[in-house]
Amino acid sequence: MPAHPQLNRNGELRHLLSTEGLPRDVLLHIMDTAQGFMSFGEREVKKVPLLRGKSVFNLFFENSTRTRTTFEIAAQRLSADVFNLDIQRSSTSKGESLLDTIANLEAMDADIFVVRHGQSGAPFLIASHVPRHVHVVNAGDGRHAHPTQGLLDMMTIRHYKRDFSALTVAIVGDIVHSRVARSDIHALTTLGVPEVRAVGPKTLVPADLQQLGVRVCHDIEQGLRDADVVIALRLQNERMAGGLLPSASEFHMMYGLTPDRLRLARRDAIVMHPGPINRGVELDSSVADGPQSVILPQVRFGIAVRMAVLSIVANTGA
Amino acid sequence: MPAHPQLNRNGELRHLLSTEGLPRDVLLHIMDTAQGFMSFGEREVKKVPLLRGKSVFNLFFENSTRTRTTFEIAAQRLSADVFNLDIQRSSTSKGESLLDTIANLEAMDADIFVVRHGQSGAPFLIASHVPRHVHVVNAGDGRHAHPTQGLLDMMTIRHYKRDFSALTVAIVGDIVHSRVARSDIHALTTLGVPEVRAVGPKTLVPADLQQLGVRVCHDIEQGLRDADVVIALRLQNERMAGGLLPSASEFHMMYGLTPDRLRLARRDAIVMHPGPINRGVELDSSVADGPQSVILPQVRFGIAVRMAVLSIVANTGA
Amino acid sequence: MPAHPQLNRNGELRHLLSTEGLPRDVLLHIMDTAQGFMSFGEREVKKVPLLRGKSVFNLFFENSTRTRTTFEIAAQRLSADVFNLDIQRSSTSKGESLLDTIANLEAMDADIFVVRHGQSGAPFLIASHVPRHVHVVNAGDGRHAHPTQGLLDMMTIRHYKRDFSALTVAIVGDIVHSRVARSDIHALTTLGVPEVRAVGPKTLVPADLQQLGVRVCHDIEQGLRDADVVIALRLQNERMAGGLLPSASEFHMMYGLTPDRLRLARRDAIVMHPGPINRGVELDSSVADGPQSVILPQVRFGIAVRMAVLSIVANTGA
């Protein structure tokens, strides 16, 4: 592994693997580039030739139609050729190793791999084996990182709050299993947010999360009080089956975002969620559709951030 | 719901949801536009930039590789970016509501949704919730409507018969469960066809179908006599399992299009079928492949009609 | 069937169905054309407009994400519109016949069908029914032929060995069930390779394979001695279930390519494999990753060969 797995010698972004370890100026450069793509959707022709003739491979070892589609849209709007590999049906299911699959696709002149994988670290492993002209973007690996989600969350916060340096951000829900939470926490810390709270039950927000630099709150009212930003995480059904949670309705009773609870936050607080939302579980419909919700703008920032990341890494030399 | 769910204030086509309620001049405008695309397949380069930089989303909640492919071809030939969503695997299977899925895709700057759904009315629901610049095309909803099939059938009939005003059209088979039959009947009536016959057994062609403006015939010979156009419908296997039909071979014996029966129609009658055909059930192979069959030209008209519909709605203002 | 199912009257390639029966000059023309595409991957913009506005349909009746992707890449780099049909879900599963499916796709103005099918001969059947302006490329049919694999293997051998006329080529493994072996053997023979050996156990390399013009060797050491080229075939797990092979580890003990065995071949011998490889079965990892292995260059030649074949057939008149 090189000194920094994501940056080249000049400190430029070669791969996007995690928000952890990314310097503040790199985060800001991605966000500023994405900002330039934000008016893009209103254009008559939503296409620029920045990646024309480049080959982007979507390698989704874990299903995610939504995230895959956002990368496909971003790549197509940059005029790249996009190839979606149906991994469940492919050679990996014939016993081929991950690195053999990657080596084969490289031989087909891939330029960028967008990788989602159930195993934490898989995109790092790939990045450490590709040649210099090939780039890797992590689209979510295990419980580890989901850096484009982290970045789009930062874009959203900056858009509505301008300045990170005086914010209180409350992340509510299953923090311990959430790659979104982890990517948000690293980015928020790097961008100088003074108070990040991890809010949820002890099974999902253990005390040792403090080592990530967050304040652990098991009480929802304490967690939300005077927050500027509230990020609700998606509750994974698997957790309930695993006994870490009694039921969706009990979670909602204890930690669900209701209008009453939201009133504890600042009046101009924004409500975020990585989607897809479970109405009546993580938040009430009146909150999801209410004036403080910025959940749909998050989606719009997501396309712009992915366009920014793809166009930046594609132009970073070794 | 607005006064007319498919048209804007100037009477132009914003969404294509059903042939029902579409004025004659709108039907003719689509058909005339499609006619302009009919020579397209013979060109060296089968592409025009009419939808360049537009994003078309194929949302097929019900599987149909064939219909999805025709829309994909039509959109690509108009130079659109096409995204096929694998709905079975997507967020809707994670409990997200239909309207939340649509709102998310809108935030990704969708221009057109092509929707197939098992529930009648789903494309109307979507059309009533999208913003002004987004357009919905119904690719088949429940038993309700399949308007592009209806329109391509009208194109086919006009091509071979020129004038609608003196025709007898016999639709044979499972009328009551057929969205194709319904879309055909509404279009034929609007275009001034004086006699439309619904031909089949009482379980599939109940007497109250008369309220659609058709003549109900339970006798195949009476139904075919002197017809100018014979439209055979696909027999769905599900109907037989449901007890509405004894067996495929019995259906063929009673209502299958044989050369003998076809002789009852006019000598220049054309035979149509929405495909895929069941040889030896709805029609004999000698009829399907015979000189009166226009089943493959229907497919060709289908691409042109879908190009016409996509290019028309994309350019209709609110 | 015409006199020659693959060539037009001028001896030019209309369809690529098999390497069997292809004249030497046609093989060389494909390889020379492919050579011109070999530097393509290094270009800034990996795209030429040779097939712009043409419609290529990938019809994979048998799953093969890898081969389908190589054709998709080749077609996209030629600027074609590519449509992947999900055959498992399509009309053929509704009982439509293969030729009806093809006729329907032709009516959608298909230019090229890339066909993989479990039944030997299916691409020939299709080629004998398409109109003059439509072309068929066999992407693997049953145990019969896999001509683009055969051609990329010839490209690879020519690249490393220059001259075919003094070579000894050893093909090791399950020859009798391998369409790759069959396509290689026909091409090698036509290109004038004096000695082609079929190496493996009697169950997989029966004596009557001699009629293909190969020398049958049941002894691996005898098979490899002084070979210039060693082609290891993929061992299909199905064969072991069928009782033709005791186990993967027993195969490896008897016929696996180890460094020791490879020393029997010429010092500059190359090692090839169609992929995906089973490490420790057909070959040791040290051989697969060693200096004599040209397995990844084969993949690169594969894209160039498929670009060559698609662009040649598309421009061949009837």
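Observations on the structure shown:
Think of it as A, B and C in the order they're written, each chain with its own count starting at 1.
One rule holds for everything that comes next: a contact is a pair of C-beta atoms (placed from the backbone, for glycine too) under 8 Å apart; a residue touches a chain by one contact, two chains touch by 3 or more.
Being a predicted model, the structure only gives us computed values, none of them experimental.
The rotation that brings the Cα trace of chain A onto that of chain B spans 120°, given to the nearest 5. Under half of the residue numbers at the chain A-chain C interface are used by both copies of the sequence. One finds 41 Å separating the Cα centroids of chain A and chain C. Residue positions of chain B touching 2 or more other chains: there are none. Looking at the complex, you find that chain A touches chain C at residues 52-55, 81, 83, 85-87, 89-91, 94-97, 100-101, 103-104, 106-109. Those residues of chain A that touch chain B in the complex are listed here as 40-41, 43-47, 63, 65-66, 69-70, 72-73, 76-77, 275-279, 296-297, 299-300, 302-303.
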